[in-house]
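Per-chain residue numbering starts at 1, and chain names A, B and C are given in the order in which the chains are listed.
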Amino acid sequence: MSTVSTITEPGQEYPAPARKNLLLDAWLVLFLAITFGTALAFVHVKLSPIVQANIRNETLSLVPVLVGSPEEFDIQELSQVTPSGESLSFFHVTDKEAKGLGWVITASSIGFADRIQLLVGLDESASQILGIRVVDQKETPGLGNLISDPEFRDQFEGAPTAKPLSIVKSAPAEDHQIRAVTGATISSVTVANAVNQAVLNLKYYLESNPS
Amino acid sequence: MASSSPSPAERFIAGILPENPIYRQMLGMCPTLAVTNSLKPALTMAIATTFVLLCANISISLIRPLLKPHLRILVFTLTIAAFVTIADRLLAAYLYEMSKQLGPYVPLIIVNCIIISRCEACASKQPLPHAIADAIGMGIGFTLALASLGFVRELLGMGSLFGHQVLPSSWPNWGILVLPPGAFLTLGALLGAVNAWTARRKARQLSN
Amino acid sequence: MDTIISLFLIFIGAALINNFVLHYFVGICPFIGVSRRVDMAFGMGCAVTFVIAIAATLSWTLTFYILRPDAPLSAWLWKALGGNPGITVDLSILSYIAYIFVIASSVQFVEMYVKKFFPALHRSFGIFLPLITTNCAILFACLEIMKNLQGGDQLWGLHHALALSVGGGIGFTIAIVIMAGLREELELCDVPKALKGPGIALLVAGILAMAFMGFTGVDRGVADAIRTLTHN
């Protein structure tokens, strides 16, 4: 700590500069600022397209997987404002003849620790869930973070959307029931609720935009 | 240490253990604790910090004769912040997954006391070879410290190394080590172990 | 009502659940190094809370109007200078440099102000002020604010930024004061030689962090309670 305390109190060790020399003294700082400014501008121009592409690919690479990995497809990005004022983004996956293959919707809800973000894949008529993926979560390692595991998420595949999904703690008896991750009921319920909300949002979208 | 100025080789060695930034000087604790829940982010962080430390040390050492005493902290901060921004962008472009996982801890390298204290104690007073040796030595010391923490926490907490399962599945994962409290506990225990080891070595040297 | 609940969630989140020190590990250096006496620790905590609020206000303003992608002021300036209106002006690459200078200058400013107008206050915690520039808690608050101004559906307002920073500052104070109290007691204990000093402090901090993990979920419970109360 001693090093830190000496370096952060420069004013006490050295006399303040005379006022007239201020600009002359600061020429090095100005010169460095301009040099680094140029360097940063260069870095920005070079790297920001790659960064932007990374951010987009992160979502887009999952989209076809969630509608059954078709070999040829087009992705359309759509957005919609829900009655509650949230803005949602949708992906409509179509084949080359513009025939719809399914929908992928972003969904999120507050879990045990922080917000859980999901992508939900649904078929063309929003009657069946094709798959889910957890995009971002900070749940407890070893318990809540198992919601990202195939064991939990594969239960959603093929679930009908006629009834909202519910979480059970034993082996599910009906196909709208999902077995919770042991020791992480809150995280599991959060995922189910987010998926249910995503289904409602898509149905709302399909009703308000009949094709 | 500045009184009898050591050679580049001595500076290099000093950074690794005798003046190890984590175990000896207790500097730069924030990333040490925050990103070491597994080896991969720990090593990424260590490399990013070493990169910034090396670049900052080189630049400061080169402009050393021009430094005005009362403006030097300003110059250090500007230099470090610029290099951190570059490191942050590079990570986001080429190691996006890691950059997302490290989150705010990459920009927090700016206030990592190791870098500014090396700029002040070494680079602003020593010629280029010394500054480079010092930065690399300190960087390796920091990397070793982060890797040791990441190794223990990932191995005992998840039974894996670099994401590959190494312990048999019968190992009951000590989940607490991956969580924030585990960072404090592991570093405390490792610090105790390093202190005990040095004390024993010193005692043996005295008795010989 | 929803605004108040969201502010409350941010505040409790920063102060207790995701405590700046015990969950995010920012501001660890003074936590391990300085916290040996409760009154000093409290002084340090107050100084950090004060500076963090000022730095957060300044950096929110700077980010919202100038630095974020498509910020109003820089977009206007770009157009006024005859730049291509099709290009989104994005100065966020400069944010780290901007924040560190905002922090350094607000520390300077606060020190000058306190010295001139509250000399008694300056005598009690003025010595901590220069140390704060290298305190990561403040830069961390600025970065969190920046993260929530990068786009997405809900941009943070100044009130959110203040809730986060004051909550974070109070969380820092709580953690550092508890730690100082524990270390005052530890002075009297017979600690193994190798663990003396920082070693035992880290182990104690680990147990403290475990205790703070117990706060997880408190925010949601309280928010639900408020919601049901107001609905009835």
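Here is the rule we go by: contacts are C-beta pairs under 8 Å (C-beta built on N, C-alpha and C of every residue); 3 or more make two chains touch, one makes a residue touch a chain.
Just so we're clear, the structure is a prediction, and the values are computed from it rather than from any experiment.
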Chains contacting each of subunit A and subunit B, listed by label: C
Chain with minimal offset from the mean of all protein Cα atoms: C
Greatest separation from subunit A - chain, by CA centre: B
Whole-Å separation of chain centres (CA-atom averages), subunit A against subunit B: 31
Rounded Å distance, subunit B centre to subunit C centre (Cα mean): 23
Residues of subunit C whose C-beta touches two or more other chains: 29, 33, 93-94, 97, 133-134
Sequence positions of subunit A contacting 2 or more other chains: 1, 4, 8, 36, 40, 43-44, 48
Shared-contact residues (touching 2 or more other chains) in subunit B: 26-27, 74, 78, 82, 85, 89, 113, 116, 179
Interface residues, subunit C side, partner subunit B - complex: 22-29, 32-33, 93-94, 96-97, 100-101, 104, 133-136, 139-140, 143-144, 147, 192-195, 198-203, 205-207, 209-210, 213
Interfacial residue positions of subunit B with respect to subunit A in the complex: 25-27, 37, 63, 66-75, 78-79, 82, 85-86, 89-90, 92-94, 96, 113, 116-117, 120-121, 157-158, 173, 175, 178-179
Residue ranges of subunit A touching subunit B (in the complex, touch as defined): 1, 3-4, 6-8, 10-11, 13-14, 16-17, 25-26, 28-29, 32-33, 36, 39-40, 43-44, 47-48, 50-51, 54-55, 58, 140-143
In the complex, subunit B residues that touch subunit C: 26-27, 29-30, 33-34, 74, 77-78, 81-82, 84-85, 88-89, 104, 107-108, 110-113, 116, 176, 179-185, 187-189, 191-193, 195-196, 199
Subunit A residues touching subunit C - in the complex, by the definition given at the top: 1, 4-5, 8-9, 36, 40-41, 43-44, 48, 86-87, 110, 112-114, 186
